[in-house]
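The following pair of complexes shares a single chain, chain A, combined with chain B in the former and chain C in the latter.
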Partner chain A sequence: MKESVVLVEGVKKVYGSGRKRVEALRGVDMEVKGGELVAIMGPSGAGKTTLLNIISGIEAPTEGKVTVRGIRVDSLNERERRLFRRVNIGYVFQNYNLIPSLNALENVLLPSLFSEEDLSERAMELLKMVGLQGRWDHLPGELSGGERQRVALARALLRNPPLILADEPTGNIDTTQAGKLMRILRRIAREGKAIIVATHDPVVASSCHRVLRLRDGKMGGRM
Partner chain B sequence: MSFSMPQTSRGRPVTPLRYAFRSLHYRKGGLLRALASLSLLLIYLTVLGGVVEGVDREITELSEAGEAPSKDLLDFRDTMGSWYTFTFVLYSLLMLFLALTYFSMVAVARGEESHLLKSLGFSRWEVDTLFLLEALLLTCLTAVISLAVAIVFTPIFPRIFQPFGIQFRATFQPLTFLQLTLVLVVTASAGAVLGGEISQRERRVAV
Partner chain C sequence: MVEEEGPFTPFKYIYANILRRSHMSVAMIGLLTVSSLLLLQALSFSFEAGSATRPESTLWGETPVKPLLEEMGFGEEISSGARRATLGVFYISSAVSLLSGYILLRSAFTISMKERRREVELLKALGFSRGEVAKLLVGEGVVLALLSGVLALFIAMPLFVNLGAYMISRGETFYTSLYSSSS
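Let's turn to the complex of A and B:
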């Protein structure tokens, strides 16, 4: 039986107070195991990004428990959450978030910026895995949207985290490139990593192992 | 899977200092404009300083020879002296303005960058280090290069003034250099502190 990587129990998130109170998440429960590629589907404003931010420890939940590989993320302080993220989470953003002044290889190496460890060889292996080994010295501005997103994925994998969170990773790329990216994600999942993809694209969701629907801050069933 | 490692450079391909340099290099348009305007202003400043010094010397020589300097000469020295002070203040303000606006704009435009660094697990201190390094690099590079440009080009100006009977040495006075150092220290600190503060604010907004 596969090990549970993410366990979310009764998570609520409230922003603001009084008349400005917004309930972004209203009691979310979910579990993702190692080797699973799970899609969280929902319209804009459903709370997908908030949920990913809470799982990664970028934000703290107002209520509920978040456990990642046995670590209670919701009870960590800011410093511990930062260290937790560094080791356990790889994040892929919709708009790539590559540093425009650094080339592809340097962008992949960004998580090791303050580390004495030289991870250049691993970074090149990852670029090769995403099919960009010949373009390691290209700046993000010289790459297509799909290629940029693959560089971002390689960066997320640099420290070999057990959990990859992808927030609308195909939102800015064409369907061919999206298909290519999803194939890479499936391959990574086969290696035992847990991957959560937030998306509103049914085609992307259909290439995941499991789909969870999030609507108005609540899980609305599986597909 | 076999392939050869790219020969990027010696050492680790990405370090905080290289990150800051790359960032400055990427935005070199702003750096070049700053360099050009500051170099011109510094040349102007040096020339004025030279004129004031030349007129001062002439007045001293006249006094030593027992002759009274003309009212025109005295007025000319006073006017030039005020212009010198005014220009130096302008130079200082421009340096300060450059540091403050550049880094507030950069920090605002790079809210996403701050968010990214935070999501990668960087600490506040680490993110600030990157912004501070960049602020210090820009300020120091701009000042040092504009100083060098001014030193190279100012000797041309005495020749331009010669036909008008104005003799002066256009060289840097120790005082100018000291004042410039002071301006640099203040500007770099102000730019760095503000850059760091704004990066913090933007990061909070972005996350």
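Let's turn to the complex of A and C:
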């Protein structure tokens, strides 16, 4: 039996109140183990980003439990969540991932900014792993959408976290580029990491080990 | 350009942001320089106001202010009431200069903050604390302010030459002349 990396139990998330009240998640349960590449598939507004943000501790759930490697993320305070995130999570965001004034290598090194550690060699290795070794000194504006997402993935891997979250990583890129990215993700999973990919693309979902369907803030059901 | 050697430090981050966002940096330096010059102008006005009763020693040399005062009849023997009124006018114009400088600065910062809200959000999502994010932003602001200060000094250099001569001619220091001009 593989160890459980992520355990989500009865998670609810409510935004706003009164007429602006939105129930983004209405009781979500899921588990992901080390070495698993899991897709969360659902239409726009289903709550995919909300769920990933709660697992990573960027947001707190309104109700329910989130356990990542034995840590109850929902009961941590903001400072603890921040430190938890640094060590345990690599996040590829849906929209704004790279800082435009930093080149690829610097963007990959971003998580090490305030540590004295020199991780540039590891960063170069990661860029090589995502097929961008020759492009380390290019600015995000000089890279294609797919290349930018691969830089973001390399950054997510810098601190070697056990859990990778990728929110719509193939959102604005073509199928060839998407295939490339998914191959890299499968390789990383084989090394034992747990990976959760949020997507609305069935092709991307089909290249994952397991697909969880999210709709109107609830898991399961037909699609 | 930013070296690829060694760890990626906050200093390199600030350096990259200033160099590679040059349009933003130039705009900020421009605004800060204008503001510094306005401040210097305001200061010099108060000096000039202080010397209004002694037309032989002025800060700027020949500025429109001195002939204007003489034309208005404020010579050697102006009354203390008129003198105070003149001083009042100059203090108000100084205050306006300072205020407009302040407003310029504030709007410049707001624009750059809006442009960079996403950057701050990303840094926080990556696990940086408010303090760390603030260090990066404030650090950049300090570097830009220093550059602007130097630039403003160079532009205002002729003024300072006059200032030195002025103070020597009155046998006063900066502070005593500030004091006497406001008394």
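Operating definition for what follows: the second predicted complex is superposed on the first by the 218 of 223 C-alpha atoms of A that agree within 3 Å, B and C clash if a C-alpha of one lies under 4 Å from a C-alpha of the other, contacts with A are read in each partner's own complex, and residues count from 1 in each chain.
The working rule: a contact is a pair of C-beta atoms (placed from the backbone, for glycine too) under 8 Å apart; a residue touches a chain by one contact, two chains touch by 3 or more.
What you see is a predicted model; the values in this text were computed from it and never measured.
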item	value
Combined model on chain A where chain B meets chain C, clash or fit	clash
First, second, both or neither for A:Glu59, with chain B first and chain C second	first
Touched partner set for A:Glu125, first chain B, second chain C, both or neither	first
Residues on chain A lying within both footprints (that of chain B and that of chain C)	58, 79, 82-83, 85-86, 91, 93, 97, 99-102, 105-106, 109-114, 118, 120, 136-137
Contact set on chain C toward chain A in their complex	2, 4-10, 12-13, 16-17, 19-21, 118-119, 121-123, 125-129, 132
Touch list for chain B against partner chain A, complex	1, 3, 5-6, 8, 12-16, 19, 22-23, 25-27, 112-113, 115-116, 118-123, 126, 207
Contact set on chain A toward chain C in their complex	58, 79, 82-83, 85-86, 91, 93, 96-97, 99-103, 105-106, 109-120, 136-137, 139
Interfacial residue positions of chain A with respect to chain B in the complex	53, 56, 58-59, 79, 82-87, 89, 91, 93, 95, 97, 99-102, 105-106, 109-114, 118, 120-121, 124-125, 128, 133, 136-137
